[in-house]
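Two complexes come next, and they have one chain in common, subunit A, joined by subunit B in the first and subunit C in the second.
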Partner chain A sequence: MTTGRLTPFLWTLFSAGGTIAAFLFPVHLFLIGLAFPLGWLEAPSYEAFRLLIQHPVTRLYLFALISLPLFHWAHRFRYTLYDGLQLYHLTVFIAVLCYGAALGGSAAAAYMLWNLR
Partner chain B sequence: MPPTIALDVIRYRPEQDAEPAFQTYEVPFRDDWVVLDALNYIKDRLDGSLSFRWSCRMGVCGSCGMMVNGKPKLTCAAFLSDYLPGPVRVEPLNYFPIMRDLIVDITDFMRKLTKVKPWIIRDQVWPLEEGEYRQTPEQLDTYKQFSQCINCMLCYAACPIVGLEPEFVGPAAIALAQRYNLDSRDEAAGERLKILSDHAGIWGCTFVGECTQVCPKHVDPAGAIQQFKLTAALDALKSFLVPWGTR
Partner chain C sequence: MSPMSNLAHHHTAYHPRWYRRRMSVWWWLKDRAYMKFVVRELTSVFVAYFAVLFLWQIRAVTQGPDAYAQFMGRLKTPLFLTANIVAFLFVLYHTITWFNLTPTAMVVRVRGKRVPDTIVAGSNYVAWLIVSVIVAWIFTRGI
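Right, the complex of A and B next:
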């Protein structure tokens, strides 16, 4: 396989996404998946949540939270297909498919976050 | 009758065997014995033709690495009691060409080690009268962990990329490069970055992490490679944003 000039950039996205998935996902899962529904912590009201999410900084944060781990997945999955299944002849196709999916997912997230009211 | 344990050992004598095959030996079991003791028992008492490398018997020389029940291990640190009731499968290190029995050809590994220029490189070397190059304990700490490598090659036998991509320079070599990059006396980090910034170098690694799992000296080669990647990524980012910069 050739090392494209993009590799360092793709790796940066991969590693940023991995950091987010490892450190921030558990916090969100704990708060929204356990602590609020089980009443361990008092859940903020719907209005308060909506106000919070409408703030541009929150939207940017959510975008990073969604998009970067998608690139983490893309990088991992690419090498799982490439090395794991040894699909060496499909290397370009696999790369386009994986990073394309991450780009698509990020675009969808951006679109939804942009249009949140 | 004293207890015994079986060892299934790979034999390959190129002058008579078409390919490597297992041979089983029954050796006494003692709970203070390691796999290397059992191999030495075989060589001394049962079959003097069995060939394997070893020297220090204390995890220092790095020569006794083999696959024990499929995992890369220093056989001088692998206690028989951890493999009860046996049999214990002993094979030469994964991904290396077998020369004879448990002995592998390490020529390629040696070539990869030197490829990363693992020595101190300086633009200007002081004359002897100026004294030694001094280093603070903090400066030593930055690379000390990566300097503990004993070249046992367990990390190569554990790394699937080493198996898939013969040109991949491998975990220990990159950790060693990082050891010199972080040394305050060295000035060749940029040079090593050029050598290692390709698919045969750091970008071949897909962060499987097995190297760090098996390393008997806690060198953490996977950590060294990720550190190296971060430097390379920042460097690439810089030359992308400032193309007229110093590179």
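Right, the complex of A and C next:
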């Protein structure tokens, strides 16, 4: 395996991301996907939301909330493609694509959260 | 080290000399248990979807009040409402399967005795509820 040495590390990211997604994604998705657009709950104003996510603690929280679940996806999706579609000859390509996408998303999150003002 | 022992330790994920009969790509439709497994794995796609959606929301904030209002307006369209309801259901499925797996992945012992699986999984659900209320409180109120 080309990613053999990295596997324990990637598995840790997968596991941490899965836990974050399990605990926090339902409530966030419920708020922005259902409760706010359907008017069940009032969404915070632009200014209030901006101030909230500007706080250093919130920035760190949002980075973890976005980055780690992306690695969770990368790990699961990689094996789904690999085993599910039996693309055994594309192992390296799939791994690079999945973890690369997670890395790219994390970099974008870091960049935006860092430059928030 | 002899050449033979070297060979014995050589391991590859794919061994071209083995004969493997190709299974249908739809192998997982044959059994409920396989289907549940594949659905569980596919929840990760919706997890990624939400991560990207949230990233998009943050980007809208960085672009100013108009871009943010436009983003919030977009969430009210039938396309996004439908996508988000589907994503919400899949993410819930992820949460439930993840919590129910915890006792298997992590054996908790108190004074040498294994804590029953139902208590380990159950405490996850209680923690989930508390965390969800706190997050909902903060993210509806703002600062």
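Some points to look at:
Everything below uses one rule, namely that the second predicted complex is superposed on the first by the 114 of 117 C-alpha atoms of A that agree within 3 Å, B and C clash if a C-alpha of one lies under 4 Å from a C-alpha of the other, contacts with A are read in each partner's own complex, and residues count from 1 in each chain.
Convention: a contact is a pair of C-beta atoms (placed from the backbone, for glycine too) under 8 Å apart; a residue touches a chain by one contact, two chains touch by 3 or more.
Remember, it's a predicted structure, so these values are computed and weren't measured experimentally.
Number of subunit A residues touched is higher for C, counting subunit B against subunit C.
Of the two partner chains placed by the overlay, only subunit C lies in contact with A:S45; subunit B stays clear of it. In the superposition on chain A, A:L116 makes contact with subunit C only, not with subunit B.
After overlaying the two complexes on the shared chain, residue contacts for A:V96 are found with neither subunit B nor subunit C. Look at A:A107: by the touch rule set out above, it reaches neither subunit B nor subunit C. Legend: residue contacts after superposition of the two complexes on their common chain; A:L31 is shown touching subunit C, with no touch to subunit B. By the touch criterion stated above, A:Y79 is placed in contact with subunit B and with subunit C alike.
Applying the stated contact rule after C-alpha superposition, one finds that A:T7 touches subunit B and leaves subunit C untouched.
Subunit A residues in contact with subunit B (one complex) as well as with subunit C (other complex) are 1, 76, 79, 86. Of all residues in subunit A, those touching subunit C in their complex are 1, 17-19, 21-38, 41-53, 55, 62, 65-66, 69-70, 72-73, 75-77, 79-80, 84-86, 88-89, 91, 105, 108-109, 112-113, 115-116. Against subunit B, in their complex, subunit A makes its touches with residues 1-3, 5, 7-9, 11-12, 15, 76, 79, 83, 86.
Residues of subunit B that touch subunit A in their complex: 160-161, 164, 197-199, 203, 206, 226, 229-230, 232-233, 235-237, 240.
Contact residues on subunit C toward subunit A in their complex (touch as defined above): 13-14, 22-23, 25, 28, 38, 41-42, 44-45, 47-48, 50-55, 57-59, 61-62, 65, 68-69, 72, 75-76, 80-81, 84-85, 87-88, 91-92, 94-95, 98-99, 127-128, 131-132, 135-136, 138-143.
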